[in-house]
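Two complexes come next, and they have one chain in common, subunit A, joined by subunit B in the first and subunit C in the second.
So, the complex of A and B:
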């Protein structure tokens, strides 16, 4: 009998199912945080960069002595999991982070299609004992589909506001290229971010600025053949190609465009494609592509961060990964300010304190400038941020600044 | 009207060329079934493993593409032998469904191993035919697709000669006809099974190289894609029929491209599977298979 008990305990320990020990957290001098991203599959290049930038922030904080909690400096320990951009994996991982690893909060997820169900199991009504949803805090860096933070008061996001980003993009394109009148569109019909960006952000902007939509073609997130769609786009002879597609299919499609002599005067891409991966994977075929983003290495601080992240973790600094870095630093500040206890027994209380502080944070410092966190009572974008928008353009194998706000230009 | 006709022809050309992929994958599946009377669901992952192994000389030593091709073929043959050993050789007779389950297990095992090793990140596969299309009158022809169609024809002719004109082919046909009688006549069934694995795996490795090159990037999902397409092709073509697999592959390619052109991406798979169901209900023996007795 004793053997069975010992073996079971050992097995549970090996499987990582053992509950957090009583001596954990404050006593052992650690503050536990989590991260769940797509670290495998076609979206892995996005998740891996977020993981790298968050690790960099953790390193910086720990090297500076750690986080001050209850008068004692504790080191941040991060549990990281791969949700593979799959909802079912995400639902397993969030339980593990919340109940088994007992982290204070989590970064991620990468994909909106994972964030939607994961936020769905979080508590909807704060402080309501009858609402048995998970009381677990997310400070998301990547999942960008508009309105996701409305799902639960435990969900916060430091992500781009795509309707505003594409509104600005088409406004500026209209100003700079008034002769361009028509657009043709491609999007991934089975990928939440792609569909929502086209329908909720790009289409309204295109219509607002008076562009005529000549055709809209679809393909799938993992498709590799674009012959028929490219032929349709070629027939439209549109002035602007609007590519609401992610890097993997964008690269395949633009190569097919070249084969089929699809010649648009301008290409506008989805926010997630503003990455090094796109430049490397697509090469010359994306020359001239314009993308709205929230990050570009335009200041010495941003450039130093991008260089450091690449040197240390081979992580690309972009609009999805840099918020992971910013969020870790923001939470450190909140933890030191609100005075959590950092004990297993007070975990729910600590999470709630940090959540409330995040909701009332107002403005915090980002890499490029101030970021404003909207509170719970914001009627349009509760728990989402407002931050500077930049337009980048692929030129000579690099992202160059097509437009930046005057306040950033001064820096 | 004339423009619509040109569109139909252009998409039919694309479909036929792309269908050559399906035909080649289907031939591999049908050879297994013809000789062994068993499904090998690990055939897709065998091809995938071969083409991933082909990336090693490319990424490590910047090897030329012919070395990559040879490594793909050799890699697929090695993995094919492992599949034969693990999923077929030691299974007891009389359990026809057992290989189905062992190869499903092997499918998952190989696919997940590649996912773990590569993190399922897409790996760029250089296309030796470049990014320019050939203009033939009003039509655009992708040179890599054309190469696949031509390679497919060459493979089929070689296969025909091997099966019809050699002792190996005679033995293979004898086993396909009646394994017990073939064994009585001195044909080693187990040896022929191993050779069939080597042949189909080599064909798979060569096909996989062409597929990966035209895709431009490689990811593990290609294994499931090949398995599903291969099964659809052999059901439509008729189990065990090589000409059936060729016709079914080309037909599937044309149907998919026409559906994509006229109805959109959502209908591409729906129409392909409707075609499959239609054959299962109306002509279960497929285009050229033998009717069940």
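So, the complex of A and C:
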């Protein structure tokens, strides 16, 4: 038995620690890309969807013949790793993608708390040999905490602009429900995205539109008991419940709210909760919940994508996962345009070319419409995008459109 | 190569964390609060280099000294509790530290960036080693220089009279006191030295990762740090080193299994604990190794 245990452990180590095949690249007709997401733990439902949507984009490109590099069509090969939403694991995964797997760029990470150190070890001063930070390109789809792309010029993001999203959400709620005056707030005190969204996006919007904050309660990302917080919120009798909490705790909390008869006239949720997971996990308890997002299946193209992703990978199409799909397609276009060499020896040069092209990309096509990438010189949101904001509402077990911009309505 | 260096770097700081738990454990105390000292070391050393612009070496020393001094203070109140109660008390200390860093804000603009502990937002831009042109391998050498010094000192401690006193307190506190050992001094010394070592680990980590926040020093880190000496064994300082190496490599080695890896990870730990309940390097193994070394070192009868 001891021998079996020792042999199994050794086998796992060898399997798991072995580097990717170094002989691939142009001569073997492949282009390597990477992805690191939370594929285990409470945030796994977010990471798994991003993984599925990126795989779908890779399939589409490969089925269409691949990417044109140096006059030859090459297939995309994607290396994907689980960072478990843990910073330390992210630090080893990024080195693995950059050094062992030698990918051109990576999607992910899921969690902002992982993006912080992972972007932190990237090079800060482009082209400066004395800066030994990692020269590795990220085109993030999920980590949404405001300002993360400012950390390094190698970090780009196609994520929502939460201050603008919540500003719009409360503006529209104010217009539609002028009789609602007070709010009570819940957020996850240990989760970077939750804290930063409340402090940096929602609280300013709530104050701007003149709502009175009656109470703010908090719990942890992995909590399962919400009795005390529900009791506090019930006493406030607030008109609006602002739930800056992710699906896992939101579902537990709203069920407890129902049990304790916490009666708010409206609920506003965090961007990440605009997923099928929330509808399935929370059921009737989230009926009426309004969330600002960047994706909803409101056009035939978006609906077809959502259906295909679900059918093929059981992946939910939402504001975090659809950008993974968009980013892969955008990078394909850039690679074909800038003419990389796709050789192990030119990897750093290729990454730099793609990085520079991404910084100067301007507008590219997303699933719902055009997306504008801000350049390095943007004073507020360098290397972040501006894109359409939609408000969705949970009704009858599905997400319905509460509001969409006029240009999307025409489609 | 960079990937393996990254794994070894993370392993190095976790070895220090494991050794800090070990130093307390060999006096018969179980601490679930070493991550608190680790956090203190990380934040203090990070403030030194990122905000005050000090050199790395004084920053590391200040980080570990701050953690050691807090360890000295924590050593006294924990004298009144034992066993599980001590575990809860030390975990409480770790949570106090974590919650303190959740609320502490001490920032200023450095080079156009907001730097410093910023409450729940964390502490960003501790980029000393990358700004100064350290390569990954060079910083790995710094980490392992610290590991070798600490492990060497723990080894010397184990072979000294003081080490014997530590073990005596672990075996039977009452008997040790009756034999004239100052139990209070031994226990406080264990917490202080454990604090120093964990603080050094945290100080080294924050410069590697460039970022630390309150969530990185929460319960999972406490559990991991206690697991290292428990799994590796309490018979020698090699135990926590082996335990940390085993678990870090296991985490990496099983990554390809994605969501299933935690199941395998847990099962392998359970199996190890069933077959080696006192850890991989327990007292019996150490005795066997020592007798083997003695036999090899002794002159042969024919000589």
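To be clear about the criterion, the second predicted complex is superposed on the first by the 388 of 411 C-alpha atoms of A that agree within 3 Å, B and C clash if a C-alpha of one lies under 4 Å from a C-alpha of the other, contacts with A are read in each partner's own complex, and residues count from 1 in each chain.
To be clear about the criterion, a residue touches a chain if its C-beta (ideal position, glycine included) is under 8 Å from a C-beta of that chain, and two chains touch if they have at least 3 such contacts.
Just so it is clear, the model here is predicted, and its values are computed rather than measured.
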| request: Kindly classify A:189 by the partners it touches after superposition: subunit B alone (first), subunit C alone (second), both, or neither? | output: both
| message | Looking at A:45 after the superposition, I want to know if it touches subunit B, subunit C, both of them or none. Which is it: first, second, both, neither? | response | first
| task | Kindly classify A:64 by the partners it touches after superposition: subunit B alone (first), subunit C alone (second), both, or neither? | result | neither
| Which chain makes contact with more of the residues of subunit A, subunit B or else subunit C? | C
| message | Let me test your reading of the model: by the given contact rule, A:348 touches which partner, first (subunit B), second (subunit C), both or neither? | response | neither
| Of the partners subunit B and subunit C, which touch A:311 in the superposed model: first, second, both, neither? | neither
| task | Look at A:117 in the shared chain and tell me whether it touches subunit B only, subunit C only, both, or neither; answer first, second, both or neither. | result | second
| task | Please indicate which partner A:224 is in contact with in the superposed arrangement: first for subunit B, second for subunit C, both, or neither. | result | first
| request: Based on the superposed arrangement, let me know which partner A:380 touches: subunit B (first), subunit C (second), both, or neither? | output: neither
| remark: subunit A contact set shared between subunit B and subunit C covers 39-40, 44, 189
| task | Provide the residue numbers of subunit B that touch subunit A in the complex, in ascending order. | result | 7, 10-11, 14, 18, 115, 119-122, 124, 131-133, 140, 142, 214-217, 219, 221, 257, 260-261, 264-266
| task | Provide the residue numbers of subunit C that touch subunit A in the complex, in ascending order. | result | 1-7, 10, 102, 120-122, 124-127, 129-131, 133-136, 208-211, 213-216, 218, 220, 249-259, 261-262, 264, 268, 271-272, 275
| query | Can you list the subunit A residues touching subunit B in their complex? | reply | 39-42, 44-45, 48, 84, 189, 217-220, 222-225, 227-229, 231-232, 248, 251-252, 255, 258-261, 281, 285
| Residue numbers on subunit A that touch subunit C, as the complex places them | 1-2, 5, 8-9, 12-17, 19, 39-40, 44, 81-82, 86-89, 91-93, 95-96, 98-100, 113, 116-117, 120-121, 123-124, 130-134, 151, 189-192, 195-196, 199
